[in-house]
Amino acid sequence: MYAPLITKPGSSLERKTGSWRTNLRPKFLQKDCIACRLCYLICPEGCISGKEKNTFISDYNYCKGCGLCAGVCPKDDIEMVPEGETK
Amino acid sequence: MYAPLITKPGSSLERKTGSWRTNLRPKFLQKDCIACRLCYLICPEGCISGKEKNTFISDYNYCKGCGLCAGVCPKDDIEMVPEGETK
Amino acid sequence: MKEFLEGSRTVARTVRLCRPGVIAAYPITPQTHIVEDLAQMVADGELDSQFINVESEHSAASVVLGAVAAGVRAFSATSSQGLLLMAEVIFNIAGMRLPLVIVNANRAVSAPINIWNDHQDSVTVRDAGILQFYAENNQEVADLVLLAYRVGEDPKISLPALVCMDGYILTHGHEVVDIPEQKQVDKFLPEFQPVVKLDPENPETMGYLGTPEIYMETRYALQETMLEALEVITSASQEFERIFGRALPPFYEAYKLEDAERAIVAMGSVAGTIKEVVDEMRQEGQKVGLLKLITYRPFPADALYEALENVPEIAVLEKAISMGAFGPVYTDLKASFQGKEAAPKISGFVIGLGGRDVSKDSIRRVFEELRGPQTPAKFMDVKTELVTA
Amino acid sequence: MKEFLEGSRTVARTVRLCRPGVIAAYPITPQTHIVEDLAQMVADGELDSQFINVESEHSAASVVLGAVAAGVRAFSATSSQGLLLMAEVIFNIAGMRLPLVIVNANRAVSAPINIWNDHQDSVTVRDAGILQFYAENNQEVADLVLLAYRVGEDPKISLPALVCMDGYILTHGHEVVDIPEQKQVDKFLPEFQPVVKLDPENPETMGYLGTPEIYMETRYALQETMLEALEVITSASQEFERIFGRALPPFYEAYKLEDAERAIVAMGSVAGTIKEVVDEMRQEGQKVGLLKLITYRPFPADALYEALENVPEIAVLEKAISMGAFGPVYTDLKASFQGKEAAPKISGFVIGLGGRDVSKDSIRRVFEELRGPQTPAKFMDVKTELVTA
Amino acid sequence: MKEIRIHARAGQGAITTAQLLGMAAFAQERYAYAFPHFGAARMGAPMNSFVRIDDKEIRLRSQVYEPDYVLVVDATLMRGFDVLSGLKPGGAVIINEREDVPNPEARDGANIYSVPANKIAQEVLGRPLGNTVLLGAFAAATGEIELEALNKAISERFAGKVAEGNIEAAKRGFDYIKENYAKD
Amino acid sequence: MKEIRIHARAGQGAITTAQLLGMAAFAQERYAYAFPHFGAARMGAPMNSFVRIDDKEIRLRSQVYEPDYVLVVDATLMRGFDVLSGLKPGGAVIINEREDVPNPEARDGANIYSVPANKIAQEVLGRPLGNTVLLGAFAAATGEIELEALNKAISERFAGKVAEGNIEAAKRGFDYIKENYAKD
Amino acid sequence: MTEHLFSRGHTACAGCGQALGARLVVDAAGRNCIITNNTGCLEVFSTGFPQSAWQVPWIHSLFENAAAVASGVEAALRYQGKLDKIKVIAQGGDGSTSDIGFGALSGMVERGHDVLYVCYDNEAYMNTGIQRSGLTPFDSNTTTSPPGKASFGNWRPKKPLPQIVAAHGAPYVATASVGFPRDVERKVKKALSIEGPKYIQLFVPCPLGWRHEARLTYEVARLVVETGLFPLVEFEDGELTRVRQIKPKPVEEYLKLQGRFSHLFRDEAGKAEIAKIQTIADANIKRFGLVAEKKEKAKESKKQEKASKS
Amino acid sequence: MTEHLFSRGHTACAGCGQALGARLVVDAAGRNCIITNNTGCLEVFSTGFPQSAWQVPWIHSLFENAAAVASGVEAALRYQGKLDKIKVIAQGGDGSTSDIGFGALSGMVERGHDVLYVCYDNEAYMNTGIQRSGLTPFDSNTTTSPPGKASFGNWRPKKPLPQIVAAHGAPYVATASVGFPRDVERKVKKALSIEGPKYIQLFVPCPLGWRHEARLTYEVARLVVETGLFPLVEFEDGELTRVRQIKPKPVEEYLKLQGRFSHLFRDEAGKAEIAKIQTIADANIKRFGLVAEKKEKAKESKKQEKASKS
């Protein structure tokens, strides 16, 4: 029997697109955050998590460094920093 | 050489659809006609001709006897008569 | 129960027995009576099915694709231009391994436009991965619809099927048919158990991008599954006979072939006319026979070779041609013989295109011409002077 | 003039030389660069042509159909799903005897969706009555575009043509090509003189209803014309060489075939790789050869028989398969040999589907496998374990 | 096997007529194959339908070239067309007669039956659709089907009043032949 | 015949790089075949392109499995991937170096050239697109193409300022190799 | 005999509204036009080989592509510099226009081709035997929307195609009916005087498919307008610019002439359905201001309905 | 990490508006839905075998048939009696929606299927490399509508698809933009609460195809609304019921961020083109009443334009 090939739901998680990020990445300052969730809503990768104020964070395994979160944060609490820098 | 088959413009004239008419046909009374041309305009076969008052006539070689001309004539100057009758 | 029915109605009645949950079709002569009958059954509450009046055949095929993907048995019917317009979707359905049945009322293709019978429409999609069956008469159409669902839905196969019936000749022909009982059909055709389906409880991703890393494997699997279908057809045909008490030969019907010196290979209703001629010629002492091909895809190459290896002169009679080459069945059959021990003379004849009537006389002439030199694609019954400039 | 160009650009440049009045196409990978280049030429005023951005391939084909019917030379390009969606129109264009050229960037067909190269798309429309040419490299693509217009527009022929080039491998491949001069092209390809056209001065009715009284004659004429095209291709190819000073063999290219004991038959760019392997194996003392098929429709059956009758072992290598049967070229070729005197062993190999790379090693293995028992449709380079349940 | 050719105009029920004939044969446990042959017919255009009747399964799929019987539903079709063409020697033609169209001359031993079917239908059904009258006449003239079988076919094909009327019409056609033509 | 494999991310100009290489070879009256190999690439996704260069027409259409040379346009691709894979013994790898990514160990006599191409490009072009720098380095390291030929290719492919800048960039790449690597 | 550009001898049914409509259209267009035609009754009854009823250049390709073929013809004429002299007309039935060929029509309009598209609206697929199309009206009996125990016929409203094409921004969109032949003539001429894509939906009764007497084609084609079921309107650049005002007649008058609605005249349930159809007519009357005296009122109520803005 | 129903690890470009849009849509829809998807960037970047980003049942068949496949899924769910529990969503790019798949969408709406169709409008065929679609805006540079000596880019206006679908009489039609993510959420939920065919056209910037910086996706998606070039509107049963009011910004602000319009910023001729684009925005502002204070005036002028009746 020759079975149809099947993909599993959400299996894209296996693909770590963080490696595509070559220049900048977002640094979550966690200082003035008001938990408006805009960064969470706007991230095209869906790789930002957080609930309370100053808990928001990006999963660098997937973050492509687009900078949208930094642009959208009403409190400028996210900054794009060169790849080398630490969080 | 194998040529594409071609039909000639207006060659449908070769097909005498008057034979389809089995019951009634229009009789143009040519009495009260006002040359409104409605019969001419309405005939689906385009087989009515005429210009002046009381000159309108159908070409029975094509007339299918639908009765539209009789219905549309504002002067009731066209009558549907059984096939046998003469014009 | 035996009844005297129109072919289209025979199909509609049989389809109803198969309990499809979704029917989508687009009207095209000469398929229309089939879907009209089904529409009436639904309107009368006699058939519990969603009847979708789509806006094109491309969408008809897409609607049944969606329905089967959602786990429901589905049916469609089409013809000619409609089948060509579906071509893209049919390859897709096959590639997605979605079983469903489409009845094709065989009709010629444009241009010029012609609504009468030949086989050019269905043979054109022979590469797609859809099973193809051709019926001689309306009983066979009905039986093949049942077989097609059964084989296509077999989890080992999971492929669409096209049941082909000659336009007008069968679709609009009334004859005596035996319509089976619902409980027989339910036995032969158990509830549809899809291999994959769209279901929030178990969210599959269907129809993904097939990169070069795996694409060829999916095609390989399709080809191997097609060949596996030969076995499944054989066993289903045995089961068919057990349940319905009527034979339905899996690949072909051999008619007076054992000792034949000349044989015709043909598909569809013309087989009946050929049988008549075979009987007449046999009476005259001529050893002629017929191989009626029923299963065209998968192509039962080995079985055909065995059936025909002892016939020295074979004519493949076709209602189709691959322009600039030969008839499709002729080509497949020749390919199955080339390089094998038996090397009969196999000639190709193109016949009955666009409703050109095939008379007994035409068939006799084929048997005669067959004795002459091998011909690759001889057109029968054409007024060549009409088109020679 | 020799240039180093992308294949798509080579096509666009050549098409511009042909002076089409109407271009209609719908984007599809990997055909896009061709039409993008043409769009830019029009935007830059370098090409006097109506460039129509249609809403689908069905309409792309219909637009060029209309343009040619109105007496203007037209061009389109497509690929894969696009060609399948055009299928209905392509049969129609051929049946209406309207000459035009479509370049097909060969690509696999769905499902699963795959944008890489194989030949399944174009072979699927092999029945339609459209001439089909396959190119090994971009020079050949350009040359075949010229040839296709010339042959298709010959008043004896008046048929559409499909020029096939391998997606990515050629369309996106940059290489050295010789783009001819405008005046050479104008000489080879005179102004388009339609056989029939739409013109209020002489109002023809095109695309009428073809009743059974004449339909079959139109099909017969189409088949005969296809066969006549074999001669026209031959003479056009001679004329081509006279004008452009470069050979363009009409049907096929024979590569080290004279004394070959094993030969591969193949179409398209893979022929280049095969030539490399042939050279290597010849060096090793193995008598191998290649027949590169260029003209697939009409199918030059007799010419192929003659070219191959003395080769005892022949492999047909194909990037396509008729599911449940064999490769299309394999089938046509076998049919051309069956019943003839020469009875070589002809095996079928399916290779390079959906962008699966064809390496020299694959070709070597084909030459080796060819020595074994005859195979009808052996898939090369597949990871069978991926799909075996 | 007996072969029947029916001449009518599209819209005059030639297909139903053929079907009823087949159904009647089936009611007598015979086999039948009834099928239409159109051009791309529009109401009024001439068309044919065909019927084959036999005691065994019918396999022949070609058109009928040499009918045993011909039914002419619309006599105007005989203008300029020979409805006897191909008729087997000794065959029968049943014509829905019309005053303004002359019947053909009998030849080759053809039996020509002329029935005022539309007139009868007008009386019985209130509409000049003489098809079932013609079928009744066919039953009487040829003996190929029995009137009861025809009635059964009519009741299956139509319902209620329409069925009743057509059964009566068929009977009238049957009687008309019995009364006006000596058996031969 | 020489075969080259180029590693880059979609959007980083791997195709243009391959094309320039081919054009340069063509400018030296050699033959070339340059072609991309994508997945269904989106900006950022890893992809390859290939070039073959020869003195006669190139017929081989397969991908490059055993390159003579490898160009690494984006060093981050070397994370988790061995860019030396398949490299012919004695072949060369030219890497657009990046501080945070270590270069591979040389093996099988591979010559590894590390060029700060993006940095140079930033200086020369004002954008960190080191492709032409790498090509200049390739010319110097391998001798397969001459700098003039490369310049010709660049002037054909680009216009005005862009061309000038890239010619300068190529030169800088060329010089970088000449200065930093002994010929071998 | 005055020569029409659509000749007698075609094989339409007696009383065919489409034959009448086609003749009116081509006569209004004149000799200097090229027609592309979808598959359908018109194509079949006018071109059975070897006869053709067309006196102007005419082409049929497929069921769904007349708009695309016309786009190609137009492009060719533009290329040849002949577009000012020769008009291009694409035409098809309601089925080809609203359903299978709608993509091609929408594309043609979107691209702005200088083509007049005429839809012969006989409210079903007639050529194939009266199946439901997108333009089949509510409750109509067709072979694929039959009434039955579980159905009153077609369960969807008629697709508002003129509005849809107008919403594309086409320079000219009009409805017309063969019940008003001079109006048809005027609209065709007007359309051809405007550059760009034009659309006319022409109401053409089909005695065979609607099961009305052949002689009633004219009456039916007038009543549909006079009841408000098929308003005669014109849109320019997407805006309604002209309507034919009516003194509304009850829809029964229209429905009862036609067999396709006869199942509504059998019982009480049918009456309720007729009331629904009356609602459709009333809505049209209101929306398009078909009745003079109600004009102001209609405007009023429109104002009230007006979008709440946020 | 909060689980989205569209998972990370997909292969869209950084900053892709469509990836963002798709996540917003499916998250708003919730687990109990089935999605059918046309071919396009979204399908490609979310399902390269063997990975899939979808956490809900999802199917791709062809480029043009998501609406038809959804019709089939819906029919199947109806047959199974599950339609109250499971929502059906069809989706595709602007190209598949407005061009090749528009026939299928129109058919789906005409038949009244209970499906939400979402069009991800990035104003060109992105998956195949940025060719013009029916939704490409005026003067935009695409590979098949390139500017050149004889051209300023796309010479046709953007096809007014929301109005066209609304003209079909669909119960709910809305436009939305990923620049207003909560509005997207609201509209998806509202659409799914309504029975019958729904259509949402979601504006999704494409940094690759529009040549703007990835980080500007949000800003571009806001500016298009704030300039009036892409009004946020809602139609119910064909009537405009709600619009988002704006304080209009000049179109330059929007255009200058994007490489696809950079040819308009080179010279005087370009300025004239920008003025044309401003006209488009102004017309939208007027037609939809996007500016509060002008609201009454707009009504006024509308009245004056009102159809002359005959």
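In order of appearance the chains are A, B, C, D, E, F, G and H, and numbering begins at 1 in each one.
One rule holds for everything that comes next: a residue touches a chain if its C-beta (ideal position, glycine included) is under 8 Å from a C-beta of that chain, and two chains touch if they have at least 3 such contacts.
All figures in this text were calculated on a predicted structure; none of them were measured in a lab.
Student: What's the overlap between the neighbours of chain D and those of chain E?
Tutor: A chain counts here if it touches both chain D and chain E, which gives B, C, G.
Student: Relative to chain B, which chain's C-alpha centre is the most remote?
Tutor: In terms of C-alpha centroids, the chain at the greatest distance from chain B is F.
Student: Which chain pair is joined by more contacting C-beta pairs, D-H or B-D?
Tutor: D-H
Student: Need the most distant chain from chain H, centre defined as the mean of C-alpha atoms.
Tutor: E
Student: Quick check: how many Å separate the C-alpha centres of chain E and chain G?
Tutor: Using C-alpha averages as centres, the distance is 41 Å.
Student: Take the average of all CA coordinates in chain A, do the same for chain H, and state the distance between these two points in whole angstrom.
Tutor: The computed centroid separation for chain A versus chain H comes out at 25 Å.
Student: Just the number, please: Cα centre separation of chain G and chain H in whole Å.
Tutor: Averaging C-alpha atoms per chain gives centres 31 Å apart.
Student: Averaging only over C-alpha atoms, locate the centres of chain B and chain C and give their separation in whole Å.
Tutor: Taking the average C-alpha coordinate of chain B and of chain C, the gap between them is 48 Å.
Student: Which positions in chain D are in touch with at least two other chains?
Tutor: Those would be 53, 55-56, 58, 81, 85, 88, 92, 96, 110-113, 203-205, 207-211, 214, 217-218, 220-222, 224, 357, 386-387.
Student: List, in ascending order, every residue of chain F touching at least 2 other chains.
Tutor: 39-40, 44-45
Student: For chain A, write out the residues touching at least two other chains, lowest number first.
Tutor: 1-3, 5, 7-9, 17, 20, 64
Student: Quick check on the complex: what are the chain C residues that touch chain B?
Tutor: For chain C paired with chain B, touching residues are 112, 386-389.
Student: Which of the residues in chain B come into contact with chain D in the complex?
Tutor: Counting only chain B, the residues touching chain D are 1-9.
Student: Spell out the residues on chain A that touch chain H in their complex, using ranges where they run on.
Tutor: Its residues touching chain H are 5, 7-17, 20-21, 38, 40-47, 49, 51, 59, 62, 64-68, 70-72, 80.
Student: What residues of chain D sit close enough to touch chain H in their complex?
Tutor: For this pair, the touching residues of chain D are 26-29, 32, 35-36, 39-40, 42-45, 51, 53, 55-57, 81, 85, 110-113.
Student: In their complex, what parts of chain G are in touch with chain C?
Tutor: 39, 43, 49, 60-64, 98-100, 102, 125, 127-129, 131-132, 134, 143-151
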